[in-house]
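The same chain A turns up in both complexes below, where it pairs with chain B and then with chain C.
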Partner chain A sequence: MYRKFLKTTKSLTVSLEKGLNALTTQEHNPLYFHGALPLYIFWFLIFSGIMLWMYYIPTLERAWSSVNYITSLPVLGQVDGKWVTDATNASTGIPYGAVVRGVHRWGAAGMMIATVLHMLRVYFTDRHRSWRWLPWISGVGLLAVLLFVGVTGYLLVWDNRAYALVVFTQEFLRSLPLVGGALADFFVAGGQITDYTLTRFFFFHIAGATLIFVLIWVHFIRLKYPAVTPSRATNFLTFGFILAAAGSYPAVNVTKELLEKYASDSRITQYSDYIASDAPAHIGTLVTNIRYDAWYMFPYYLIDKLGAGWAWAVLGIAVALLLVAPFYPKDIRDNIAVVTEAKCTGCTFCSLDCPFEAIDMVERTPGSKFKLIAVVNEARCSQCGVCVGACPFLAIELPNTHSKTIEADVMALLDQGA
Partner chain B sequence: MTDTVEKKNKVIVGFVCQRSIPIQDMIDEHKALLDDPEVKVVILPCSGMVKPTQMEMALTKGADATFVCGCAIGDCHYRTGNLMIRARLEGERNPKLRKTTDKRKVGMFFFTMKDKAPFLEALKGFKDSVAAIGGEN
Partner chain C sequence: MKTPRNTFGWIFLATGLVIFYLLAASAIATELNDVLHGPPFTSMVRDHMPHFLNAALDAVLPLKVQNLPYIKYFNPQHLSTNDNPFEQFNVVKWMGWAFIVGAIADIGTAYLTRVKTQVEE
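== the complex of A and B ==
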């Protein structure tokens, strides 16, 4: 039943991609670069993050205003489709700072969307199981760290929403038995919120981003020639989308005073609340009706609606299912590549071509005719036979699909004639 | 008369990945394509398993042409099998096709499991081009 489900999801996915192939050709189908796309977007986040870092001040007093200085564009909302800014409050901030922050903000959304699509695509096409367990498990870790980095990014702005998220997070952590209190204190760097709290969030944000690189290395470690960049056309298109989003909807700060000032202005039809930060945080003043970003704040939505206990349960079950997924159902593994020692010349062709780094070239014993021999790591072998195609010496074979059998099949087909 | 018999016995040998086109539904019990009995196939776990020497063997032992069919480029179930056989047949990766092999008789197709019709169309084009070579010779 579960296998049938995976077969159906694969069929549906291929149908969707086939439609896109007609438009883009196979070489440029963005859905074929689903794994490289999050990494590509990550570079935008790194570079825009470094630029924001140059001006960001992680203290309670200055965090919000430093972000405001960077953006320098107090956008209020739209009038007849055009963005309205308040010139009286315009700072002399950083040129295009709002666009750079917009790239960071929209890039973050893009990376999460691309990552989730990547995960779904891998799952739906049944490419998450068996010998691929390490990329999948490290991918679950990457998703968790990405979520953490995204949430800490929201905290750095230090607006009303950031304060509410900190309070929720502390409640969430405190609900854990034994270690909850210590974790909650560790989260804010002490028993109460101080300047060290924002320094800690800043550390979490940067350390988390660094950890993403480490996990990407683990993600790739069993993949030969991993796709690290999409096609050039997809690159330009993604770059264009992010820049267009950042230019059209720059990320800005909105103060309560400005909103009140313009509240009576009937021309303003749509406040830019979904792209902007809130008013600066005031410790002790908890604004509970915060706006939840769908991509990064769904755990907080769960905490809000279900309470900390049930939120732990739901998230725990979800993570457990993701971690178990690559081990069920089990494949029949009776066609693992076998090396014939006497025939192996140590040419390395099979090792170079193995898509899953399942073949190591090791030193032979002294006095042997050849220096190296191929050794198959059975747990990593996918039984694909790419190594067999690479071997000119019939030294590596799949026992159930032997080259001699294939050649005999060819001869039999030729003997039959048309 | 002899020429006619040879043409009737035309055989094209294909090496087809089991995860690309829906090959199991496209062949009879003799591994001949239902839509074109002149085309006979060997089914493999992945197109990357094909050795260029096997395709050369098919040609030297009497096949009029030979081809490999793998998953869509960018969508190999085993990640890079289709890229490997493409590179081998294009002479960019070892083991390569022999220089003496008539490359016009060696086809490459890359299609998804939903691409039966486009595959048959591409195959027809390949057969026509091979037939034209026969005319030249």
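== the complex of A and C ==
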């Protein structure tokens, strides 16, 4: 039943991709760069994050105002008929600070969307099971770390929402038996919220982003040719959407002065969407009507609506299902590539062509005619037959599939225009 | 084998590039207008510049954004930083759309110049 479900989803996904190929050609089909897109967007987050870092001050007193300094709009006035910046407004921001923060904000949403789409595509095309368990499991880890880094980004602003999220997180962690209290204290760097709390969140944010790089390396380790760069058109499309979003909806803190100045302007209502942060946090004053971000705050929505215990249950089951997914159902692996020792010349063609790093070239015993021999790592072999096509000496075979059969299959697919 | 170029592909590419550079040029021109004509960035520099340089800049660039060529097609409100701070990031928005148009032109060109795979027995 489950196997049939996977077969159906694979068939539907491939049909969708082929349909899009007819429009975009294979070269530019964005669905073929689903894995490269999150990494591509990640670079935007790194560079915009470094720029924000230049002005951010992680203390209780200055965190909100430093973010406000980066992103608030200049208040303008006319002096002698000329437009000038209002010198009385101390919160006038740095040029394009709101756009840089906008790129960081929309890029973060884009990365999460791209990551989830990547995961769904891999799952629906049944490319997550068996020998692919490591990329899948490391991908689940990446998703969790990305979520954590995103949430800590919201905390750094240190507005009402950030404070509420901290309270929810502490409640969530404390509900764990035995280690809950210690974890909650570790999260805020002590028994109570101090300046060290913001430093701790800042550490979480930067260290988490670094961990993403490490996990990406683990994610790629068994892939010979991972697609890490989208096509030019996909690059442009992604970059364009991020810029258009950051330009249309920059992450702006609309200051009191600005609102007063344009109080009679009907556009103020229209621009209320621009407000990226709430009022500065006041410890002890919990705001109940939090604006939940769909991509990063769904765990908090669960905690808010279900309570900490049920939230643990829902999230725990979801993570367990994701971790078990690559190991069920088990396939019969009776077609692992086999090397005929007498025929292998050690040319390395099969090893170079194997997409999953499943063939190692090892030295033969001294005195042999050839220096190297191909050795198949059974756990990594996908039984795809690429090595069979690569070998000019017919020295590697799939025991239950003759090379002529593979050739006939390839020709049939080419005839179909696949 | 050399990829045959389709005439329509070239037209598609040229149109895409023209739109791309038109959008980019309008965006940059608008921003230059903002930068060179005052707040919030360079008004202090302009105040200290010699009169003839100021006059030359004013002659090259129109005084108001709505005087820029084609601007009405891309920014119907004719607003810039000088007029409304909420509109100050239109330049970024336009650049974003320019990249999207460029991507579509690229995909269109690839589509129109695609080569069908043929298998010879």
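Following the convention adopted for this analysis, the second predicted complex is superposed on the first by the 363 of 418 C-alpha atoms of A that agree within 3 Å, B and C clash if a C-alpha of one lies under 4 Å from a C-alpha of the other, contacts with A are read in each partner's own complex, and residues count from 1 in each chain.
One rule holds for everything that comes next: a residue touches a chain if its C-beta (ideal position, glycine included) is under 8 Å from a C-beta of that chain, and two chains touch if they have at least 3 such contacts.
Given the structure is predicted, the values throughout are model-derived calculations rather than measurements.
Enquirer: Taking the superposition on A as described, I'd like to know which of chain B and chain C A:P326 touches: first, second, both or neither.
Expert: Neither partner.
Enquirer: Identify the partner contact of A:K18: answer first if only chain B is touched, second if only chain C is, both if each is, neither if none is.
Expert: Touch status of A:K18: first partner only.
Enquirer: Counting only touches as set out at the top, which of chain B and chain C does A:A233 meet: first, second, both, neither?
Expert: Only chain C; A:A233 stays clear of chain B.
Enquirer: Of the partners chain B and chain C, which touch A:P392 in the superposed model: first, second, both, neither?
Expert: So A:P392 only meets chain B here.
Enquirer: If you stack the two complexes on chain A, which partner ends up touching A:D353: first (chain B), second (chain C), both, or neither?
Expert: Only chain B is touched by A:D353; chain C is not.
Enquirer: Answer with first, second, both or neither: which of chain B and chain C does A:E27 touch in the superposed model?
Expert: The answer is both, since A:E27 touches chain B and chain C.
Enquirer: Considering only touches as defined above, state whether A:L414 meets chain B (first), chain C (second), both or neither.
Expert: A:L414: touches chain B and chain C.
Enquirer: Of the two partner chains, chain B (first) and chain C (second), which one does A:Y225 touch, if any: first, second, both, or neither?
Expert: Touch status of A:Y225: first partner only.
Enquirer: Which residues would you name on chain A as touching chain B in one complex and chain C in the other?
Expert: Overlap of chain B and chain C footprints on chain A: residues 27, 411, 414, 417.
Enquirer: Quick check on the complex: what are the chain A residues that touch chain B?
Expert: Interface residues on chain A, with respect to chain B: 11, 14-15, 17-18, 21, 26-27, 29, 32-33, 125, 127, 223-225, 335, 347, 349, 353, 355-356, 382-386, 388-392, 398, 401, 403, 406-407, 409-411, 413-414, 416-418.
Enquirer: Considering the complex alone, what residue numbers of chain B touch chain A?
Expert: Interface residues on the chain B side: 8-11, 13, 30-32, 37-38, 40-42, 44-46, 48-51, 53-54, 57-58, 61-63, 72-81, 84-85, 88, 93-95, 110, 112-115.
Enquirer: Using the touch definition up top, name the residues of chain A that touch chain C in the complex.
Expert: For chain A paired with chain C, touching residues are 23-25, 27-28, 73-76, 82-85, 92, 95-96, 98-99, 102, 232-237, 239-248, 250, 258, 267, 271, 274, 411, 414-415, 417.
Enquirer: Mind listing the chain C positions that touch chain A in their complex?
Expert: 38-41, 43, 81-82, 84-86, 88-104, 106-107, 110-111, 114, 116-117, 119
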